[in-house]
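Per-chain residue numbering starts at 1, and chain names A, B, C and D are given in the order in which the chains are listed.
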Amino acid sequence: MRRSPIIGVMGGSQVPSDIEQLARELGQALANEGWIVLNGGRDAGVMAAVSAGAASVGGTVIGILPDKDLSRASPDLTIPIRTGLGDGRNVLNILSSDIVVALPGSAGTLSEIALALKHQKPLLLLGWMTSPIAFSGEDTVESLHSVHQIVERIRELLSAQN
Amino acid sequence: MRRSPIIGVMGGSQVPSDIEQLARELGQALANEGWIVLNGGRDAGVMAAVSAGAASVGGTVIGILPDKDLSRASPDLTIPIRTGLGDGRNVLNILSSDIVVALPGSAGTLSEIALALKHQKPLLLLGWMTSPIAFSGEDTVESLHSVHQIVERIRELLSAQN
Amino acid sequence: MRRSPIIGVMGGSQVPSDIEQLARELGQALANEGWIVLNGGRDAGVMAAVSAGAASVGGTVIGILPDKDLSRASPDLTIPIRTGLGDGRNVLNILSSDIVVALPGSAGTLSEIALALKHQKPLLLLGWMTSPIAFSGEDTVESLHSVHQIVERIRELLSAQN
Amino acid sequence: MRRSPIIGVMGGSQVPSDIEQLARELGQALANEGWIVLNGGRDAGVMAAVSAGAASVGGTVIGILPDKDLSRASPDLTIPIRTGLGDGRNVLNILSSDIVVALPGSAGTLSEIALALKHQKPLLLLGWMTSPIAFSGEDTVESLHSVHQIVERIRELLSAQN
């Protein structure tokens, strides 16, 4: 890939502080690899934390905002994409990512996990205690347990694509 | 509600024949109540079967198509909505329904179940052997076992809204 | 065409009362022909007037709403399509219409006229003093001067499609 | 503005070679100012030319693609946003830009000019022989005649926003 890979990070807008901390570390680690971080752009939960982590080391952060303006955007976005589509933007989060990482969240995150499966995007779960889905395609979803493992796995996936 | 209620029926584009048969019966039963049936509009799986069932008794059938034309549309739609949005139209399937019924399907259906939970639409599962989701909000999803039960439950939900 | 034709009516949300009156007459005339009327669904301007006209004679009225709920919807819609897409829904207004009629409006209406040209939908202007567009494709847009002329022209276009 | 400004450049997918040359010079000039260039992302016409110009001097180029993959994308995009929305993405082109420049094009470009007016985005025309629109709001659209003038005007607009 000539351009920098885009790693989408999904996750809830209201999550416990340990998940926020994990998202911050993930954002920092992804940006340190030179990868672009994409998320839902709002100034809340996993979105805000992963953006802050990536920005703290000078990374590029794309936020696919549900809104038509920046009123609820994280201040750490370098590329705010204002869609005005509401949750209609969830499918863009997935389609625009080369690889998707899903941290814990609720129904919005679940819709993004489902869309990643639908569009056959490489999908990695991080920080889930139990799998969020329980249906026949489930066994294809990898669940990893540390930021380090995620970075290693993304490196492998990117090598395989080249 | 002054206008006729809109009942959205979700489900896979490739399903076993017994699920297609269930979808056909459901479409017929919903239309017999005078309710408008909404689905994803394509000429495949649950979409085609529920449309055929509703049309067989003269019902109104809205199809929210992913395409910008009618090339893949069910011939039984009375109101084809051509969106050109691809899977970006899934959120419209949910938002435009007053009540959502989900039959078995795979990742696309799962994304619609998640979006129904996200937007707090009344959601009824029909024909699932096991729950497709496994997360904290799960216990709010009702799983029913016959077309008759679905119709009864929708009647109750509509009465409560009036 | 086996199903009823869908005639999209575009126009401003703030227009003079004579244009509202024209829209009301148009809605009534289209519904009297058995055609389905589609518009942007809001309770304002041309949208509200054409919906009221069609509803007054028992017609079917599809409203493609920018909102995810009915808070700003015309009470005369029989099929409210709640999109949550904001102005992202304008392209649906055009794609879902078999024939488009554009009454006076401002920038939103102009975007719909442009999208109708882009997607080669039959496009009829009604009630414009001067053409809203001035570019090379302009001469392909028909401008008519009465509801009667519009109905006659739509009849011709529909015959040609069958 | 803490982040780099995003300048959206609209224009046709099939344009004369002098317009392509103008688009290339514009892309180069905008990137030389440190501004991010946004366009419709396809490998055709003004989109391809402005992307190539910006990339030739190491600029950041966002492409808001109508497709769900990169099959028709310009190779010069650094940030490809894959939407899968078809022309439903036109509204994103406008909403995500801080300032919009419109080069000659046909109906798609006209829809974007209309949406820029609708959303009150600063809008500058470049390279048009005659105005593409002819309606009451028209006099608010600035038409400029060189890349140099565009850069000067954007500088003024950005100063005024800070």
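Convention: contacts are C-beta pairs under 8 Å (C-beta built on N, C-alpha and C of every residue); 3 or more make two chains touch, one makes a residue touch a chain.
Only a predicted model underlies this, so the values are computations on that prediction, with no experimental measurement involved.
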Could you see whether A-D or A-B has the larger number of C-beta contact pairs?
A-B
Chain pair equivalent in interface to A-C, over half of contacts matched, among B-D, B-C or C-D
B-D
Rounded to a whole Å, what is the gap between the Cα centroids of subunit A and subunit B?
29
Subunit B to subunit D: how many Å between their CA centres?
40
In subunit B, which residues are in touch with two or more of the other chains?
68, 83-88, 91-92, 119
Residues of subunit A touching subunit B in the complex:
85-88, 90-92, 106-108, 110-111, 113-115, 117-119, 130-137
Which subunit C residues qualify as touching subunit A in the complex?
68, 83-88
Interface with subunit D, subunit A side, in the complex: residues 2-4, 6, 36, 60, 62, 64, 68-69, 75, 77-85, 91-92, 95-96, 119
